Amino acid sequence: QAKEQFFPLLSYRTGPYAPNGTPWANGKQDYLKMINARDGGINGVKLTYEECETGYATDRGVECYERLKSHPGVALFDPQSTGITFALTEKAPVDKIPLITLGYGLSISQDGMAFKWNFPLQGSYWTGADIIIQAIAKREGGFDKLKGKKIALVYHDSPFGKEPIPLLQERARMNGFELQLLPVTAPGVEQKATWLQVRQSRPDYVMLWGWGVMNSTALKEAQATGYPRDKMYGVWWAGAEPDVKDVGEGAKGYHALALNTSGQQPKVMQDILKYVYAKGQGTGPKDDVGSVLYTRGVIIQMLSNEAVRTAQARFGKGKVMSGEQVRWGLENLNLTQAKLDALGFNGVMRPISTSCADHMGSTAARIETWDGKKWNITSDYIEADEQIIKPMVKAGAAKYLADKKMTPRTPADCQSEG
Amino acid sequence: MAFFLETLLGGLMAGMLYSLVALGFVLIFKASGVFNFAQGAMVLFAALAMARFSEWIPAWTGLPYKPLTDLLAFIVAALIMFVVAWLIERLALRHLVNQEATTLLMATLGIAYFMEGLGQSIFGDSIYKIDIGMPKDPVFILDKVFPGGLLVNKEDLIAAAIAATLVALLSLFFQETATGRALRAVADDHQAAQSIGIPLNRIWVIVWCVAGVVALVAGMIWGSKLGVQFSLSTVALRALPVVILGGLTSVPGAIVGGLIIGVGEKLSEVYLGPFVGGGIEIWFAYVLALVFLLFRPQGLFGEKIIDRV
Amino acid sequence: MLYRENGQFKTTYRADQQIFPITQDRLFIGALLLVAFAAVPWLATDYFFNAILIPFLIFSLAAVGVNILVGYCGQISLGSGAFMAVGAYGAYNFMVRVPGMPLLVALILGGLCATLFGILFGLPSLRVKGLYLAVTTLAAQFFSDWMFLRISWLTNDSASGSVSVSNLQVFGLPLDSSLGKYFFCLSLLVVIALLAKNLVRGAIGREWMAIRDMDVAAAVIGIRPVYAKLSAFAVSSFIIGVAGALWAFVYLGTWEPAAFSVDQSFRLLFMVIIGGMGSIMGSFFGAGFIVILPIALSLSLPVLARLLGVSISTAGISHAELMVFGGLIVWFLIVEPHGLARLWSIGKQKLRLWPFPH
Amino acid sequence: MNKKIGDVILDVRNISLRFGGVKALTDISFNVHEHEIRAIIGPNGAGKSSMLNCINGVYTPQQGTISFRGKTFAHMNSREVAEMGVARTFQNLALFKGMSVLDNIMTGRNLKIKSNLLWQALRLGPAEREEIRHREAVERIIDFLEIQAYRKTPVGQLPYGLQKRVDLGRALAMEPQVLLLDEPMAGMNVEEKQDMCRFVLDVNDEFGTTVVLIEHDMSVVMDISDRVVVLDYGKKIGDGTPDEVRHNEDVISAYLGTSH
Amino acid sequence: MDTPNIVLNVNGIEVIYNHVILVLKGVSLQVPQGRIVAILGGNGAGKTTTLRAISNLLRGERGEVTKGSIELRGERIENLSPADLVQRGVVQVMEGRHCFAHLTIEENLLTGTYTRRDKAEIAANLEKVYNYFPRLKTRRTSQAAYTSGGEQQMCAIGRALMANPSMVLLDEPSMGLAPQIVEEVFNIVKDLNEREKVTFLLAEQNTNMALKYADYGYIMESGRVVMDGAASDLANNEDVKEFYLGVGGGERRSFKDVKSYRRRKRWLA
């Protein structure tokens, strides 16, 4: 049998979230193509993939998972949706396939001792929310200045949008600001009432926790009600080109979290253009290469590949890794700045290193700001506050385990993975 | 008080925008007895066509004058909607004469899927922009009376004016013209209409063409508000309570229904929402429509539902 | 002359009132059950069970429920997703709040929650009819979407509103293998479908159909519309609720309210109309069509494209899938507006006449 | 003729019914005796069907009362009327189109079915026996109406005349004491009318069912009815035996014309 | 019988409903220009089906003509739409009235003029119909669904006449009409036939009337034409007398004595 490592790609190129899902999926696919073309795979193991359309619907996602999970050489799944992640969290341990959920999914799954198979790499909603509050505090000139301020959370009315609430409530208690919760019914095409409420209560800042059409609609309503865009902070799922592109100038000044940069300058993008697009094998249009979500897709795939590479280093170079072995690789990632540079990701993202207990690997993000034409990074990396998040993750994970009548992994389990 | 008025105004404007979509439903229902679930897909399809041609036409022809190219794009999109209407009649409706309402409803759902797929494969599935020069920034009126003034949206005002004009025109059309009468006859009984020489096929093409143009206008306005992308088709779900509240068969009902639903849902969200955690407007709109229906099962202006033995 | 009812004389009305009065039909159904219970477990793969058969069984069950309301009683409903959700969350609450609650009992209690919800949202049907009713049932849909997101008590105070169940057991046996889940769903489906069939061919079924076909005439022969409609809502939402609970417990494991969104309601309505309104058998056809067709398309279109030597982008394939799916729906309706079940019975009628055409 | 005409079973007093400006019925009174065949005739739009609808509880008259076996009602609810034993057929066929002939007639027996929902779902023991008992009764009706061959045909596919028969069958299945027939013989040829008359007369003879009959075919009315009411634009213009009515001047000018 | 031009020629048609139910088994008939031709037959004989086949309204009932041909003035019409036929002057009055429930009586009548453009002609036609059926005039503003059965029947007939047809297919025009209106309807038929040379093909159960006014008749039984002939001949045929006119054996038998022995129809042997 040919030596092939298989990457199932769940994606959505149809449905309400297609404009966001498509570049993301393209990035993953292009990176795979590029690695095969440039390096011939990972240590000689060819990378194969198959895409399965979920349309962002949980049941179709589960069907895709079932269809692709028994493909030989399957490495891991990236469900690309919070709902699908929830459903697969139950199934992955049974099938022994890791799930990576970069920047989304369950925040408590950061705890590798409770969630052996989940990897919310680079950040969860809790870290994201925390970073935004920090950024606002910095702008105000210190956490004490937050006292008495009012911050509104305009969120997608779904588990995705509700995840940050516990953290924000914690923060509100700590820092003494008032939190106003404004849910927006999915998909978010009608937000007049929400923004009238914003206009009435005049919060000092608005946090935008949206996905898909909800983001651009929010920005347009903000414009229409005259809410200053530079007082708005979006999560990293509300900080890509589709969210602001057709608002254009109207979104000028709007901030969002950035897990990664955008643009075609980094070497990895150049390589993709050279090895994939120049040969006419690009998945999407050339101009989209290097967009925010595209870059995120590339990063996700890069991290997946590196997990395989790490695993190979331990279990045998040039071999096809099993799901369990890839899981070990994910748990022992150590991408230093030097390594990132070598991979062509200089400046694109933060170094990341995971462990058995910490499945996130990095909790920092920057702020980017829309200037009417493109996104610019406008802050340094801000680390989420461990002091707040750690206990919450611990408590949440403990409750999860108790509900499921499960016991946490032992440190021995961390060592003995073979 | 100022805020209440603002909410009220916002609701009225939102309502007008719903009516624009609702109008498409009413039109087809009134004229053929078909509850057209593909209306949302038609709005999307038309908006996609409009958005893409307003990019393509300047690129192809090099015409610099934007209003002109936009007009051309509108015309091309309208022509495309005519072709779509013709195809729908040829390939689907023609073969479903005299079938039950549920069957026809189902067929329109199939058509909706088809058009969503087709639209996105021809015109792309990203977000596109329709910029017909609608002013986006708020204006404040009556700032003498209320501190800070009352916020209104020029864009909404223009949209409302367009919706009102369309409704007026279509009402006239249905009221007393012979074709209007024939359309209503078709909705009542396909077979009998055929038997007296009303050419169903031609009528359906006409009605779907008109509905296509209404969808185009709705798509243009909603698209310039939301950006043109898949979610545009979901505005149909927000227009449904409007349709039934106003009455499935009434063109003016679409406007009145829109206003009631718009105001109702905004007021409820703003004044009731905070007590129950918010996010209630969508089901509130449906419940509001339901309450009205309990008093008038045919909607405010709908034709009386006839059951007689 | 393989399929004939001639020569099969019924000497009692009892014999004539069997579900399948024709011997060949009985044999066929017997064989089908045999295959389902004995052969399929041998043949099917894990994927087949988890991704196709189990969803098919659960949706068949839900479609039977929807068919009772829509097909038999004529009350078009777009709120079926809500009834599924209420069933699922209802059963979930009984599971987590009552220690030692057996799964089967929880499912039934979940179904009963859905029944109450169904009756509540069925009340408008006493006044509102037809398409107006169809649209107003969306109120139930959006209300339940909202309710399970907002009322955290219902989700056992889970912060995100997503909940999960695990370690399911039936009569002390763990329900974790695909095969076990398959048998569980299949058995429930067979039992409930049988009960439903009995209902629809009995007195209450005739009341429902009478209300559907001509409500004034029904009232004149003494049928109470209130009772007939509400009982249809009750029975139907019970079945849909049980199906919803199964969907959540057995198929998803962890779920959020979006798993029972308005799309689900539309899908269920599709199944009933495509399958055949007013036919239990049709529910199965419809569920098969709607569950299996998209999967079959997404599997076969890329292959087909490769065979034809055209390269379509992945997005293109997804769009083509939508188009083919929509096109097929229209085509089937044109061929037979009364659904696949009618096509089936016409087929049988032809077989009966065979070898003569008429 | 040795039929025993009994007491008044149905008494209609001073009924008036308006729809907006249309006076469908104005101060109509008449009675029906047990076991008799009572015809209602009158030109189109005279209010005959409306009269039946009032008796049936489908319409609520603005004025007047209806007594059934001595009990008086201002308004009747359809179900109560059915429970008292009044059945009817419809002028514009109101059959249950999606159901078979057998099921249509079976619905007529629904009032008599006692087993509850759960028993029906299980369909065991008593529920099944009950179902079979009613089936037997319905089969007798099917035999009687000579529609055995169409037992399982959906009624929508039957020709008009047979649908009328099924309509009658459904009413008969209720084992009514009073049977209201709205133009049961419209759209039939003489042979079929004879059949229909035979059914009506048999029911009347054998079960003693009282019949109220609306019919435009004068030969039928004159031949089989015991007494005739004549309505004209909502007013009663005649009441009596066929012979009396036939020679009533008002009736001749309003309805019969000269040829009868 | 001298044969003027045949307007309508139905040639051995077979009709199947739902792909399986064979209803017409080779029906042929001719309608000469300017005549009144009646189709008689019991319930389910296939009269309605024949008329639907001619006016091309079968498709909506999921029926189709599988064999034979239908010609109107020499032109094959199986593939025309019903509207095309109305353009050619052929209008059908459907069985079961089929008025447009939500339209008023007057609007119903006016829809009948869809193919007409001349305003004056339309007004004249409306006047004519109101003259024929004064009852319609008094009910002109009521929605059709709320008129009595007979009024609806008049409305359906009137609506067809509004199109100034050259040929009318009448399916059971007398159903549900009071006796003097029945007479009136047939007088109208005769009148139009004589004065405006309108050709009629009518399916009718009221054999008495039909044979009195028609020139020629076809008798159908279970999907076949079993007998045809000039109306006067048919009226004197023993079987027809017995089964359709109710005057077998000389004089009319009372409906009261129907329980007598029933003779089989000769053609069913």
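Observations, loosely collected:
Letters A, B, C, D and E mark the chains in the order given here, with residues in each chain numbered from 1 onward.
Everything that follows uses one rule, which is that a residue touches a chain if its C-beta (ideal position, glycine included) is under 8 Å from a C-beta of that chain, and two chains touch if they have at least 3 such contacts.
Remember, predicted model here, so these are calculated numbers, not experimental data.
Under the contact definition stated at the top, the chains bordering both chain B and chain D are C, E.
Relative to chain E, the chain whose mean Cα position lies farthest away is A.
Averaging Cα coordinates per chain and for the whole protein, the chain whose average falls nearest the overall one is C. Among the remaining chains, the Cα-based centre furthest from that of chain D is the centre of A. Centres computed as Cα averages put chain A at a distance of 73 Å from chain D.
Computed centre separation for the pair chain D/chain E is 28 angstrom, with centres defined by C-alpha atoms. Between chain B and chain E the centroid-to-centroid distance comes to 44 Å (mean Cα coordinates, whole Å). Remark: chain A and chain C have CA centroids separated by 36 Å (rounded to whole angstrom).
For chain C, the set of residues touching two or more other chains reads 142, 145-146, 149-150, 214, 216-217, 220, 315, 319, 321-322, 337.
With touch defined as above, residues shared between interfaces to two or more other chains in chain D number as follows: 58, 90-92, 94. Counting only residues that touch two or more partner chains, chain A has 13-14, 18, 22, 157, 183, 185.
On chain C, the positions that touch chain E within their shared complex are 337, 346, 349-350, 353, 358. Chain C contributes residues 12-14, 16-17, 195-196, 198-199, 202-204, 206-207, 209-210, 212-214, 216-224, 231, 235, 278 to its touches with chain D in the complex. Interface of chain A with chain C (complex): residues 11, 13-14, 18, 22, 25, 29, 51-53, 55, 57-60, 62-63, 66-67, 70, 82-83, 86-87, 89-91, 94, 106, 157-159, 162-163, 165-166, 183, 185-186, 283-284, 396, 403-405. For chain E in complex with chain C, the residues that touch the partner chain are 16, 18-22, 62.
Taken together, the chain E residues at the contact with chain D in this complex read 17, 21, 40-45, 48, 95-97, 135, 139, 142, 146-151, 153-154, 172, 175-183, 205-208, 243-246, 252, 254-256, 258-259.
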